[in-house]
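Chains here go by letter, A, B and C, matching the order in which they are written, and residues are numbered from 1 within each.
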Amino acid sequence: MENIYKPYLARIEEKRKETYDTTSFKLVFVDDEVREKFTFRAGNFGEYSVLGEGESTFCIASSPTKKGYIECCFRAVGRVTKSLAEKEVGDVIGFRGPYGNHFPVEDFFGKNVVFIAGGIALPPVRSVIWNVLDLRDKFEKVTIVYGARSVADLVYKHELKLWEERSDVDIVTTVDPGGETPEWKGKIGFVPTVLKEVAPSSENSVAVLCGPPIMIKFTLPVLKELGFKEEDVWTTLENRMKCGLGKCGRCNVGNVYVCKEGPVFTAAQIARMPNDF
Amino acid sequence: MSDRTAGIRAIAGKWLQEGTVEAVLGWEQGTYRDKTAPVLVRKAEEVDRLVFNERCTNNLMTYLKRDPVRSLSTVGIVAKGCDIKALIGLIQESQVPREKVKILAVTCPGVRNADGKRPVKCAACDVNTPVFYDEIVGEKIASNPDRAARFRDVEALEAMTPEERHRFWREQFDKCIRCYACRQACPLCICSRCIAEKNQPQWIETSAHPRGNFAWNLIRAYHLAGRCIECEACETACPADIPLMLLNRYMAKVVEQSFGYEAGRDPQAQPPLRTFKLDDDNSFIL
Amino acid sequence: MPYLKMDSADLPKVARKLAASGARLVLPVREGDERFYREGADPDSLDLTTIPKNSIKEFLFPKTERILRYQYRGKDVTVEDVAPTAAGRTVIFGARPCDAASLPVVEPLWNWDYKDEFFNARRAATVIVTYACRTAPDEACFCVSVGLGPSSDQGSDVLLFPLDETVVAVRFVTAAGRELESAFAEFGKGEVAEEALEAFRKTGEASLAHRKKFDRVQGWLEAHFEDRLWEEKAFRCIGCGTCTFLCPTCHCFDIQDESCFDAGYRLKNWDACQFSLFTLHTSGHNPRDTQPKRYRQRIYHKYAIYPQKFGKILCTGCGRCVAHCPVNLSLYDVVATAQERAERGD
């Protein structure tokens, strides 16, 4: 009997404490066949579990161009994520997925891609960033604007550096006013404000945007001002999920099940949704 | 129309007109059989929705813990003697300031459940004419409580051996579906985050299996011990027909025997499981 | 085409025969003043007087069910399948049409891309003998409002028509139902003409003629998400799960892990969108932070979202939510208001 609720088992191969409350894992599936055959698309999510504690929903933070492993990054705020954060390299956890829809990366071929992310929302964007960078010549200009409340809240710091060092990526990092340290060399200001300064061209461009609701709220008008059409602004909706496969009845926003028809949506789609998220 | 209904409408209308309260919480005629339903009246023109009859069984004090009533600064509540005991409990525990609620008391000869029978609380009632209120309607009723009625079913339980009792409750709690109607209907289940909703750690298993159901129902009974005013809202609401009042009255009897205390009488008193006195009985510890 | 005629007093005997093969037998029985569907009850206690308080949902979708077992060994953990609870052959004898009809309604959900084999295994192993309603058994009934009726055969394998106090006509609806023919035939006492069943059906529907047809509700809901109706109507809702858990079509669930030291189970448990925690994010944000919003979700799910997705209303009009709501918040009243407003163009 096929059990749709049964997770794959994955061993933690690498663990990094990104911030005081955020951890990232590199996970390798225990089963050889799963490891070989597992595929996904950028934007997919999974149900990561600690058997005995429960499951938690977050994205796959690595790009599908990387084979043999997946990565994730999460903040320890509840029962499951706190338990996950205590796991060590070599421990085995559960993974159910990939679920959800994905960013239509092929539709971005030949275009400029502007990535905007805030805080812990970098991981879903990161999956698309690496997807794009691993196929770099298929895209035009790549711009990244990433910010967090403070320097301590920036995740994937070592990769920010990697991206800074690349000549084929323009990256601007920022922290909120008051979040800087004396050594901080990046910008100081909220992400929407910094985006306005960077003013990426909307001509032949798409935007990939993820962040806390307040950041999205103030970033969408900036993108509009810059001339981005709502159909060209891609974002993700986070909602409380359980089963991840459309049955438990929890994640719908109006008649849209975020786990099945999302979590990736355009700003145009979100504008049409009822105020239910 | 009964005098009580007319009286309630008159006072509610007066309070709303004069701005004494922001709204009046009472009962209106329902739409299923002879049920009544809770209603919140905000305008004097709407007071004709209010009724009082022997099917006014809901304890309206349960709305004090939820919005919109929770956020009102003043509210008038139509209340029977048993309902007022719940408010006294809430005042004892500093959950509701006395000034917030204007009690529109009603003298009550007893109510009837959906099956047409009177609940146990009515047989044993001694507050047919409430004593704690702001205004009162209805002719005075002299109470004639059948004291023995209150604990009659508890005695049958006490007569069982522990094994029999365990088997009895096992069978009852097996029916539990963990809908939490008991908790939601109860005016004294007021925790903003119920112990059953906490998962760090998971004190009570949420699954509706015997172990989880035992844990939930027993812990709820414990949390109500010395606080439950026996309004029977929980048992009335339970869709699985579990005799919850049997357990709650059992606990009330134990509290009465151990501490000489009955819930919901005196706003200045404190439930015994919330206080410590130097002369508390210690015999069961030593 | 004539139908088998039998004595209603023989129905328990048929039930007993059907259970003889070791099948799990589920029957409506009397408990106190109520009726409940219970499994393993003695067939002689079969009570078909009125609609049971619970639905047959729990026999296809248990209130709690283990969906896998796990075991830790040091850093390693393994997961094992567990057999679906109670997936052996089951006979539900004496289901009401609104209960039987709920199964075809929920089947698409349990099989939406991902197939829930726990449900499917039980569904495949279950045969439903439905007891049609001569007249609506309760004031709360409204099956006709959602396109069903008191002698609807949707979801049924066998349909029993109590033509009067002693005579029952038997109609074998599906192939699975026809496999039971021999159990019934033994008690056959002749035939009943089709016309008698027609008359029966008309009587049943006449008893519900006062119920509105909910044919304009979906459209109205789609246009009135922010309507004042929800605040007005849902004030009295106390957020208990009674309506959801008694409902034959409500299927929302929770997934929980329960452990004992180094091993344990993952379970699937009933959950309700009426609970305040249902959509609460760990951040503290709750898209449905007030009871009117949660109540709205229930109506939308049943009367707008599910029809949009699966072409069916997620409700069979059994009326349990109306009859047993502790505060008489009648779903029928609310949806009828939506229908009326749609008809008025309001």
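One rule holds for everything that comes next: a contact is a pair of C-beta atoms (placed from the backbone, for glycine too) under 8 Å apart; a residue touches a chain by one contact, two chains touch by 3 or more.
Values in this document were obtained by computation on a predicted structure and should not be read as measured data.
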Could you see whether A-C or B-C has the larger number of C-beta contact pairs? A-C
Which chain has its C-alpha centroid farthest away from the centroid of chain B? A
On a C-alpha centroid basis, what's the spacing between chain A and chain B, in Å? 49
Approximately how many whole Å separate the CA-defined centres of chain A and chain C? 40
Need the CA-centroid distance for the pair chain B / chain C, whole Å please. 32
For chain A, residue numbers touching 2 or more other chains are 54, 78
Can you list the residues of chain C that touch 2 or more other chains? 254, 256
Can you check the complex and tell me which residues of chain C touch chain A? 67-68, 70, 72, 75-79, 81, 83-84, 109-110, 112-117, 121, 225-226, 251-257, 259, 264, 266, 268, 271, 273, 278-283, 285, 287-288, 293, 297, 300-301, 304-305, 308-309
Mind pulling up the chain A residues that touch chain B in the complex? 54, 78-79, 82
Of all residues in chain B, which touch chain C in the complex? 30-33, 35-40, 58, 62-63, 66-68, 115, 177-185, 197, 205-209, 212, 233, 236-237, 239-241
Once bound in the complex, which stretches of chain C touch chain B? 31-34, 36, 53-54, 63-64, 139-140, 235-236, 238-242, 244-246, 254, 256, 258, 267, 269-270, 272, 275, 277, 290-291, 322-324, 326-330, 332-333
Chain B to chain A touching residues, read off their complex: 199-200, 202
